[in-house]
């Protein structure tokens, strides 16, 4: 009836790829974290599109769970980041590498 | 028959006590305790043996389960002792020779700060070796196999503060790991094919002719088993660790690296005879390895200066004989030679230890000489051992070697030719040794003066020796004069001398005294080892030739080394360098390959075996270091690695989806 | 508001072409927002700007949800993401005082960036190759309840959540407990009271969404 | 928790555990009468729920999720108790309560084992829960891990001044998530369980407030974990699109009856699922987080993490691969094969190069994951039960090992290098003996559970004719033997105070060669400090430099806290008992009924 699903799915795939790339190239922990949100949104878009294609409500419910998980992840993640960076001026992921080898 | 449990329990208990309480037991007591345990085990073995002897020959195999272990599929592997002629024969000489050497060690190790640790190892070794031979399944036997390897590792590296001892121990350990792989793979194949490890399931049907085995299966299993045997018994191509293992204390060389552990490979091949029977190829491999090793090692032994290294190469060479006999299908001859060898080689090593002891840690034969005057017990003992090893009738070695050579002749005259050449060389290098050590001028005066202060535990510059000299130092020994060893050391020598002189009577088949043959007959029925006979005439001719050759070697050695000590023309460099095998392969490997390899930090330098052995450790550690660089600590790098992995997996499935 | 917009679009059955065109229009607008926002997140140097660009993407995704008759999710998307998550991001950025430009040039490992770009591209190409771009779907339709048909979207989602997805739905409570405990634990350090509140706020909000 | 909420909204009845979820559209189900909805039957522990509107039904079989509920409710009880109690409760209250809750869960799980429904295997609660012995065995495992870890954590947390209720709540919640994974009947459930477990573990990794390493571990684990979760989730979406469902049984049914329109999407989804779960079980090349996180996390939590996260991850992997995607075996086996080989080799090789004890154990756990993968990739019932058995034995071994490490490292986790183990044989012979047993078990020495575990997985591979894999596994085992043996020997060497030799010995010996030749018996020779024999003499300058980074080993007697002692004793006893008898593998055999 309207836009073919493939368009949404390719869009989602591009968004996923961008999110993944962003995670790998950015050094700011918070921005890396935002990139994870981008990836999760790509997945949500994929779920919704498949739900429409399959005429199945399940896909939409799955998105609901992803949203909840994402919210909880954000809380915990930001708490860890705050706990770790409270005394540091610059918050880049590269500043944290005591453990290696 | 309940004494059967005691056979293994006594040394085990001894090892445990010495491990946990050894430090609290005073010096000689722990040695006596260990000796008592080993001797008790020997007594139990004798009891079991006599019990079995009282039974008809067909029912001399008893399986005593200790406990049921792992369930594999529907089948339970039980750990038990299989008391049969083969295992009992081995146990007899393991415990017998083991007790004597433990006794001898009391004197030899006196004053060593790690005295009780040494005896812990000895008891643990005897226990492991007994498990190896008495186990009723291959898996249990493998435990013993690993156990003796561990004890050998601990004992070779006993004086680990010396770098060479540590390196030698490592070499022995890693070389044996190679063999262990073979054994383990054989185990898995065996389990896959038979569904069991038990001798009664795997071997008995084959031995009784109720089952057959495909040639390919038999060959593969056999080759893997032989790989294990070759590593443990120091045969080509894995023989290099044994001469280096002489870094250990001399009683260790006598017990582990001459009489018992190195014959584990011989035992394994004999045990697996029913499998080998279905693979002529594997038999040929065994025979060829034996022939090649006995000759190669004998040539190298001709030019060694270190008294123990001569004996070490000689051991490699003699085990080659045993393999030769087994590959030729005459297992009894191989085992006969094993037993005889245990007697005379233990005797030779212990005598050598006595000599080293007397000369305050001198091991170079070129700095000995004229010792017959000073060592009234050691000298005749060594001479008997020498005559037995040189196969001069009527001593031990002659009779067993005669049977080995007859079997080799039957298999192929080429194998026999290798054997007879080795016989000549053996007589030659042994008479050279005797000449250098006991006759000629005393060349040890200066040496003794230089080394006299080092102490008497056999190893120069070791803290053990330094410690020892404080207690029994040069003052007690009145300068550098060679002296006979204490009684704990000479008694075993005397016993072993008698055994080396008359042990052959155990299997004197011309007089109907072929006890070992008859005893082992139920283990090697016609379905396992195709019987063959060499006609009496041929046997006589072969025997006469062997005797002549042995005397030839003896006279050659005695004559050529009558005067000079340094005869470079008789000590060609290629032999002194052990045929350049180490160096040769080292050159190939460290040439273009090394240049390539260094880029990846795989360092191959010290020679073939060293390169291989250390290479395993080094390349693993080197690879580890390289990989550690990937572990940068930067979380984004890790994420990238996950990304790369994801891309790779996706790439793979895209190819699958595309096809 | 968004839901009503969508119902207007769907109600216009008399002019299918218009509906078609409007669906495309919504899709294209959404796609543009998504891609612009994503590009902004990964390219802009100031984290505050990144967070704002994230909102753009989130709105774009919500638009696409509406376009595919996921009204409820669109609403949740806006409320949870734009309303809570991004606010929290901004709060933390301000709290930590990291709202400065990132020195993108300084790079401890040289290969990281080119490899990262390459990997992103490779993964994308592979996913597209696997789907052959427009052959995405197989499967048996409507196993957990049909999407089309009578009833509105919220009702259907609710039904599915309280029947087949009951257990997972209940178990999300565990996540919220963890989130609360986590913030308490991690903010125990001396002088870090603000963090505590931030965690609690989000935990409350997300529990509202799910209950 | 779930029950009360659900009953408040829907009409309740009590029919037995059978589950009915309308598979068609709501319109079609109006004609179908909800079966059993009005029938009150004997299921006393079971509450059935029937919806009124549109006749969608769900019944909640509580007994199938009893251990999970016990843990979750237990966590809330703990929180409540801590809120009610005065400021500082009696020491040991929380760990005791946690262990008791774990014990209750264990009891429930053991009862489940004998439940007829679990024996045959049923699908419960709207298809979200697979109730079979496979799950139950893992529930037992997780309960045990909770009990042991809570006991082991007690002394650590008190020593570090971190005691409080939160750690135990997090542990219980993460165990709930792990149980959810083990019992999951579909990908969504699996994902939720994974997230519940992981998010709690992130916090646990960052739990030590004063250690920078702990925070770093938490952050790294969190970023990489979220990344892999997103990848995993995309995999779920793709599989959902390709098959139309996220339930394992329905995916399998669809794939059994149909050829997917485009296998590519399915395979892509499968690949991403493997990546996500491969991350959780620390398979190479998704392992990079492991050493850092294991090293940085509080030691008892590391043991817990290694046991539970691995077990749950493998449970998910087995469910997904063998149950949902069993038809795609030909496609996933090579991937898992490669992961197994890489994990085995990289884990062993890297462990040699380590000086930090926890880090070495982390790499060792990577190589252990390789062995479990060996069982997974065999794709047979034998392989699955071997993998289960491996996980079960590894739980005890790893928790026990980290408990010992915890005792040795001392306050502030300052003595984590291998040298800290030096002289343990004298400083506490029993502890050293226990550690030796656990190390030998990890090395796979016969008569320990570790040997049987390795044996079974290799056996499973050999049965599939994969001799190469068996050989690689054995080579890896041989390499691994070096570093386990190394620690074992170190414990029995004299705790000399001579720093220079000590430092040079370790820094160089380990760095260069990784192989220690030394005395097994622990002689008192003064020169033993140089018992690390590299090939070349040790350069003393480097040694002196290295000394600066290493601490002198203490020589006093090591005191074992009672709770940790119990944990170690239990681990050792189990390790030996499972090594010499057959009961565990019998359970594992019985557990693969659905696989």
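The chains carry the letters A, B, C and D, assigned in the order they are written, with residues numbered from 1 in each.
Assume a residue touches a chain if its C-beta (ideal position, glycine included) is under 8 Å from a C-beta of that chain, and two chains touch if they have at least 3 such contacts.
Values in this document were obtained by computation on a predicted structure and should not be read as measured data.
Engineer: Give the identifier of the chain nearest to the protein's overall CA centre, each chain being represented by its own CA mean.
Structural biologist: If we average C-alpha coordinates per chain, D lands closest to the whole-structure average.
Engineer: Quick one: report the Å distance separating subunit B from subunit D, using the average Cα coordinate of each chain.
Structural biologist: 44
Engineer: Could you please state the distance in Å, as a whole number, between where the Cα atoms of subunit A are centred and where those of subunit C are centred?
Structural biologist: A distance of 8 Å separates the two centres.
Engineer: Once you find the CA centre of subunit A and the CA centre of subunit D, what distance in Å lies between them?
Structural biologist: Subunit A and subunit D have C-alpha centres separated by 26 Å.
Engineer: If you average the CA atoms of subunit C and of subunit D, how many Å lie between those two points?
Structural biologist: Inter-chain centre distance comes to 31 Å.
Engineer: Scan subunit B for residues touching two or more other chains and write them down.
Structural biologist: As it turns out, subunit B has residues touching two or more other chains at 628, 631-637, 639-640, 643-644, 646, 650, 653-654, 657-658.
Engineer: What positions in subunit D touch 2 or more of the other chains?
Structural biologist: Where subunit D meets two or more other chains at a single residue, that happens at 188, 192, 195, 199, 202-203, 206, 209, 219-220, 223, 227, 231, 240-241, 244-245, 264, 267-268, 291-292, 353-354.
Engineer: Two or more other chains touching the same residue: where does that happen in subunit C?
Structural biologist: 108, 112, 115-116, 119-120, 123, 126-127, 129-131, 136-137, 139-146, 156, 159-160, 164-165, 168, 172, 175, 178-179, 182, 186, 189
Engineer: Just say which it is for the chain contacts: an open line, a closed ring, a star, complete, or other.
Structural biologist: complete
Engineer: Provide the residue numbers of subunit C that touch subunit A in the complex, in ascending order.
Structural biologist: Listed in rising order, the residues of subunit C that touch subunit A are 16, 19-20, 23-24, 27, 31, 34-35, 38-39, 41-42, 47, 50-51, 54, 57-58, 61, 64-65, 67-70, 72-73, 76-77, 80-81, 84-85, 88-89, 92-93, 95-98, 100, 102, 104, 108, 112-113, 115-117, 119-121, 123-124, 127-128, 131, 133-134, 136-137, 139-148, 153, 156-157, 159-161, 164-165, 168-169, 172, 175-176, 178-179, 182-183, 186-187, 189, 192, 195, 198-199, 202-203, 205-206, 209-210.
Engineer: What residues on subunit D touch subunit A, complex-wise?
Structural biologist: Per the stated touch rule, the residues are 188, 191-192, 195, 199, 202-203, 206, 209, 212-213, 215-220, 222-223, 226-227, 229-231, 233-234, 236-238, 240-241, 244-246, 291-292, 295-296, 353-354, 359.
Engineer: Across the complex, what residues on subunit C touch subunit D?
Structural biologist: It is residues 126-127, 129-132, 135-146, 149-151, 156, 159-160, 162-168, 170-175, 177-179, 181-182, 184-186, 188-189 of subunit C that touch subunit D.
Engineer: Would you mind writing out the residues of subunit A in touch with subunit B in their complex?
Structural biologist: 20, 23-25, 27, 32, 93-94, 96-101
Engineer: Please give the residue numbers of subunit B that touch subunit C in the complex, ascending.
Structural biologist: 632, 634, 636-637, 640, 643-644, 646-647, 650-651, 653-654, 657-658
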